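The structures come next, written out as structure tokens.
Look for subunit A in each of the two complexes below; its partner is subunit B in the first and subunit C in the second.
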Partner chain A sequence: MDEGTELCVTIGQIVQRLKGTHLHSQIERQAKECLHQPDIRLESLKEDVRSFLRTSGWERRLQNAVYRELHVQLPPSHPAAPPEHLKEPLAYMRKAQASWEKRVLKSLNSMSSELGVPLARRRPTLEQKELTNKWNEMGTDEPDLSRFRPVYAPKDFLEVLISLRNPNHDSSEEVSVRSHWGLIQIPLNVRDVPQLRRAYSELNMATGQLGIDDHAHVHPDLFESEYIQVGKKVVSEQDSAAAQQYSRQGCPTELRADLWALILNSTNQPQDVMHYEQLKAGVIQHDLLVDNLIYKDVKLTASNDDYYFVFEDFLYQVLLCFSRDTAVLDHFKYNSATPPKSYMEGKESGDDCAVVYPPNGVIPFHGFSMYVAPLCFLYNEPSKLYSVFREMYIRYFFRLHSISSSQSGIVSLCLQFERLLQTHLPQLFYHLRQIGAQPLRIAFKWMVRAFSGYLSTDQLLLLWDRILGYDSLEIVAVLAAAVFAFRSENLMEVTSLASAEAVLADLSTLKVMPLIQIFLFATAI
Partner chain B sequence: MSRKASVNKGLYDYDRGEDRIFIRYKCCQINTIQDVLRQRPGWVEVKDDEEWDFNWCDVGWLRENFDHSYMEEHVRINHFRNHYELTRKNLMVKNLNRYRKTIEREVGHMEVSKCDFFPYTFALPSEYHLFVEEFKRSPGSTWIMKPVAKSQGKGIFLFRKLKDIMDWKKNGTHSEDQKEGAPVESYVAQRYIENPYLINGRKFDLRVYVLVTSYVPLKAWLYRDGFARFSNTRFSLNSIDDKYMHLTNVAVQKTAPDYDPEKGCKWQMQQLRRYLTAKHGREKVETLFEEMDNIFVRSLQSVQKVIINDKHSFELYGYDILLDQNLKPWLIEVNASPSHTPSCQEDYEMKCRLLEDTLNVVDMEGRLNGWEKRVGGYDLMWNDGPVFKEDLNLETFGSTCFTVNTHLGCVNDREKHLRRQRLLRPFPGQKTT
Partner chain C sequence: MSVSPISCTVKPPVFLQIGETKTDTSRSGVCVVDVSLPFGKPVNIEEITFKNYYTAYVTVRLLRRSPGQEAAAKWWTALRDLPLMDNPHTEGGSQDYFSIHRTQMKVEPDHVVSVRLILRQPSSAWLTFNLEEIKIFQKEVSDWLSDLTLVDQHPDLEGLPDPQTVSSSIQQMWALTEVMQTNQTTASIGRFDVSWTQDDRLCPQEVLHASVSRFILVVLMFSFI
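The block that comes next holds the complex of A and B.
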């Protein structure tokens, strides 16, 4: 398909998606109402209405909506390609993902039957009332969660990724200097330092960065003050694309909430608030088995975290609603995963009796709540917090726990991490391999959570600024390699996996931007 | 060798790497401070009867021994004789009220508003009638009763009706105090701040450390680190009996039934400052911290004339500050013996740094030149007048924008600074000229 046709198809798709949205009807209404204005003339109707929409900010809002659609649209493909090819072009990856999903669902179903807890049940009225009263302090509830186990932990998923093989690729050659030393044995194309330097050029040492040039001993007039002024302008212009570009150099603390909301086009309109309230009503009415998994996860992870324990209640309010949000099902068009199905009790098994379970198709795993926790720092209105989280999930986080060939997918990130390490720190990699401490075994848990819970909050937010700014999770793999580079001296001395883990146990003092900058721009190639 | 004479020449010679002299210290506390003193090069602990150069004592020892001890010029002790003028709740309020009136009389109404940082407080029983007057003026308000001399949240309760006080008096719940021979005026009634700033429904207060090395002239240092202590339960005015919800002392939280020692109840000051900046913007937060500076300075000024300004004394105060929903800081109380018992490893390390830097400022070793505006994590906040970040020289003369030299909740890169000031061992191989 040539570029012109491709563009037409894209435009057609976007127009289709925006038709019938609330924004569409709002703009229509605005256009109709502006006809009463004196400066709208019949002879130049089209131009005048257009310029009215421009000056009143509606064109900008439309631009932001289009920009958002570009982020979540399906990749270009052959017209005859079946839908699963859009989710994931490589057949062996699709197969691996499907069998992983089967395992997870089986685990969930057997937990349900073992414990005698239904996957879903309607709450009795008294319980509904109690929950409504306790909505803002669900964290004070202490349900008995000892019987529930997380459905899977990141390390289980890692084993699946390690066993992935491309049937068309012969990887049986002897292990040599030229072969790959790491655990991921898939030939995916991942970018190396020279390519990353070009792609992430704004992170170079000559460009000002937040996380480096806003440090205590650097005078604010050298970079920070002006950068903040630019940021304020971006926020007042309400331009998503500009906000995304701006975020590459970091977001100032006081502007970050607005900037991220802009980049994600989370406008928190009345209909978004209403949608959230509907989800909340759904939580009140029905109890899901996955709710217990969420409770358990929050209690085990976020509640024990020095930074995030305060936000426990918010996490329930977001995650319980998230489980019931069928709007999330949309993202499965471009996610290699498929939402799990379950059958209603008493009905014959057949497709018309199957329902997606949980309603949003996402089964939480151990550590899932850490995707939400850092956002609590920025937003304290539940519906806003919810809409920002949901958008971040369907753009980025889902790629961290599904098997796909995407450049931002966890498989690529793992491979990229290992390749970066092998290319630029071969001695370290070899040493760790020899003592049975494969680096990925340590770095995997960081990458699956995009470092949430491992870095201090301010550093994490600076990292996520760049994920948003570059619309890619690659920076997570780069940081993982940079951390190993930073601690390489100590790591060269260790003699076991346990001691390697100990060296890398505490990342809370790390400053991410200097590490990334040095790794990308000061490493000798 | 005369110890007195050598003290001023500096004790530990980093250039030559030799211990030239010892500092004899006495320390009756068995927590963090012991570790810090023990690790300090050139400091040696002495037993009860021996002479000492430095004494880190508790207030009990002070009360019994201060007046009878003769101290040579170089000797330092960690309390002012009558520190209770600031740290006893009833006396603090008395001094603050008197200070406020003086300001009103001598300076005027504008300045007085800067003294409105403590909630209405009345000593009982002596000010009972004044208390009742104020109580009746604000019907339905909540008040908190606090024992004057207790700490760690002991004996505190909330009330809304005068009847509650009668009941409390009758029940004789404070009879144990009477047995101990506590002074008659042992309680204060304070207006409870009903709209505290909440983070995700939880109330918290701030602990800030201020070091005073002299009252006349007033010289005070503010430490960059501090923390916010969270209540474990969600705030609500409905259940004022739940003292676990309203009191944020870690000591009280530890006794609450749902206390989980694994759960952190504290945030570092830096974390809180960043959170508030993300929520409210830089300007509002800077104003908040400026208002806190104001609290520290004015509270010290209010007792300047009553404190016995002994040249041997210095004191590390733990200020408890509460924020309300409008981001206004309120002074709750000042502690003379802030708890140095750490709640976890991170906390222990922070308290070690605090105490080390306290000793650096006190400077038994005689290494400072006296012009420093910063020592480790301490910034000089007041030196017989405000201290500004900018140096006063020909270029800045006449400029009107000076910023006060405080960095509470900011980056504490103390080690780098201490090395530069030669107060920490240099790195091996590093030249020290």
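The block that comes next holds the complex of A and C.
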């Protein structure tokens, strides 16, 4: 398809999606009301209404909505391509994802039958009343969660990725030009340092960065004060695209919440608050098995973390509602995963009796709550926090735990990490491989969580600024390689996997932007 | 304009080797797939669609036989080395769907008897490569018939006045004659002033006026044909 046709198809799809939304009816109402104004003339009605919408800011809101649709749109495809091809073009990856999903669902079902807990049940009225009273302090009660265990942990998922094989790929054991020392044996196209330098040009040493040039001993007039002025202007203009470009050099702390909400187009409109209240009502009415998994996960991870334990109640409020949000099912059009289905009690067969379980199609794993925890530093209103998290999940985080060939997918990130290490630190890689400490086994848990829980929060938020700014998770793989480069001297001296892990156990003192900058722009090619 | 796939036979791929012996260690990087079209019916190709399976570049050659009794068939290259994969060593584009439209071809794909696809995969990373679900489309024949019926609805009216203006002027004439009939005068016209009041019910002036008006109308209508 040539570019003209592709553009027409894209425009048609976006118009279709925006028709019937609340924004559409709001703009229509505004256009009708502006006809009362004296400066709207009949002869030039179209232009006058258009300029009114522009000056009153409605055109900007429409632009932001279109920009958001472009982010979650399916890439242009051939008319003969079936829908599963749009989710994931490679057949063997689709198969691997399907068998992984079957395993996870089987584990969930067996947990349900072993413990005798139904997948979903209606709460009795007394329990509903109790929960409504306790909504803001759910962390205080201590239910018995010892029988529950997480459905899977990142290391189980890593084993699945390691065993991924392309049946058409010649992976002979002979040493050749193509020998890859790492664990991922899929030949995906990943970018190397020269290409990354071009793509991430705003991170170079000549450009000011938050995270480097806002340090205490650098005078603020050199970079910081002017940068904050530009940021304030971007927020007042309410422009999503400008906010995304601005975020590439970092977001100032005081503007970060507004900038991220602008980039994700998470306006906290009354209908968003109402949607959140509806989900809350759903939580109070029904009890799902995955709720216990969420409780267990929060207790094991966020509650034990020095930075995030204060937000325990927020995490419950967001994650329990997230499990019931069927709007999340939309993202499965471009996610290689398929939402798991379960059958209602008593009706075992027939597709019409199958319901998606959990209602949002996402089964939480060990560490899932860490996706939400850093956002609690930015937003204290639950409905706003919820809508920002949901948008971040359907744009980025879902790629970290599903098998796909996408450039931001976890398989590509792992392969990119290993390739960067093998190309630029071959001695280190070889040494670690010899002692049985494959680097990916240490770095995988960082990448699956996008470093949440491993870095200190201000550094983590600077990293997530760049994820939003560049609309890609590649920077996570680059940071993982940069951390290994930083600690390479210590790592060359270790002699076992356990000691390698000990060297890399504590990342909380690291400053991410200098590491990334040095790795990308100071590495000799 | 609708297109329908032609029933064609895709022959099994032939991998080319250098020399006589087929060695197992080196795999071929060039493969030829012949697609033969129904015998005796040269085709005007609209589009070729296929699903890739690890082919890096494809060349399309067409065997065309111009219409005529003794015209010899000749091979033409329609497209040379169209890249299907961004990087032959990696997965990008390896299992995607593609289509080649006639506007992308260097020669007009008309009166085609046979299509030959030459596939190249220079990387040794893959065990095999091929194209799947090859379909060739041509413009539908039934479209021509619908074009003919459309022509019938608009007959050629060269030399004749526009029917719309004729009918509107005839309407005006008819209105005039109605007016004439209602505004009858007793003024005589001359030679035709005859009255037969005993035998005929009609007043002779009325008959005269009516017949004159009808005579005028008939004359007018004959003048338009």
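Criterion: the second predicted complex is superposed on the first by the 519 of 525 C-alpha atoms of A that agree within 3 Å, B and C clash if a C-alpha of one lies under 4 Å from a C-alpha of the other, contacts with A are read in each partner's own complex, and residues count from 1 in each chain.
By our rule, a contact is a pair of C-beta atoms (placed from the backbone, for glycine too) under 8 Å apart; a residue touches a chain by one contact, two chains touch by 3 or more.
Since this is a predicted model, take the numbers as computed values, not measurements.
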Overlaying the two complexes on subunit A, which is it for subunit B and subunit C: clash or fit? fit
Counting only touches as set out at the top, which of subunit B and subunit C does A:His169 meet: first, second, both, neither? second
Let me test your reading of the model: by the given contact rule, A:Gln285 touches which partner, first (subunit B), second (subunit C), both or neither? neither
Specify the partner with more touching residues on subunit A, choosing between subunit B and subunit C. B
First (subunit B), second (subunit C), both or neither: which does A:Ser405 touch? second
Can A:Thr495 be said to touch subunit B (first), subunit C (second), both, or neither? neither
Angle subunit B-subunit A-subunit C between C-alpha centres, in steps of 10 degrees? 160
When the two structures are overlaid on chain A, which partner does A:Ala80 contact: first (subunit B), second (subunit C), both, or neither? second
With the two structures laid over each other on chain A, which partner does A:Gln195 touch: subunit B (first), subunit C (second), both, or neither? neither
Contacts for A:Pro89 in the overlay, against subunit B (first) and subunit C (second): which applies, first, second, both or neither? second
Touching A:Phe377 in the superposition: subunit B (first), subunit C (second), both, neither? first
Tell me, in angstrom, the smallest C-alpha to C-alpha distance between subunit B and subunit C in the overlaid model? 42
Subunit B to subunit A touching residues, read off their complex: 199-202, 230, 233-234, 258, 260, 262-267, 271, 274-275, 277-282, 346, 410-411, 413
Which residues of subunit A touch subunit C once you look at their complex with the stated criterion? 77-78, 80-81, 85, 89-91, 166, 168-170, 178, 186-189, 405
Show which residues of subunit C lie in contact with subunit A when the two form their complex. 49, 51, 53-54, 86-87, 89-92, 94-99, 124-129, 133
Which residues of subunit A touch subunit B in the complex? 136-137, 139-140, 142, 215-216, 253-254, 256-257, 303-307, 309-314, 376-378, 380, 457-458
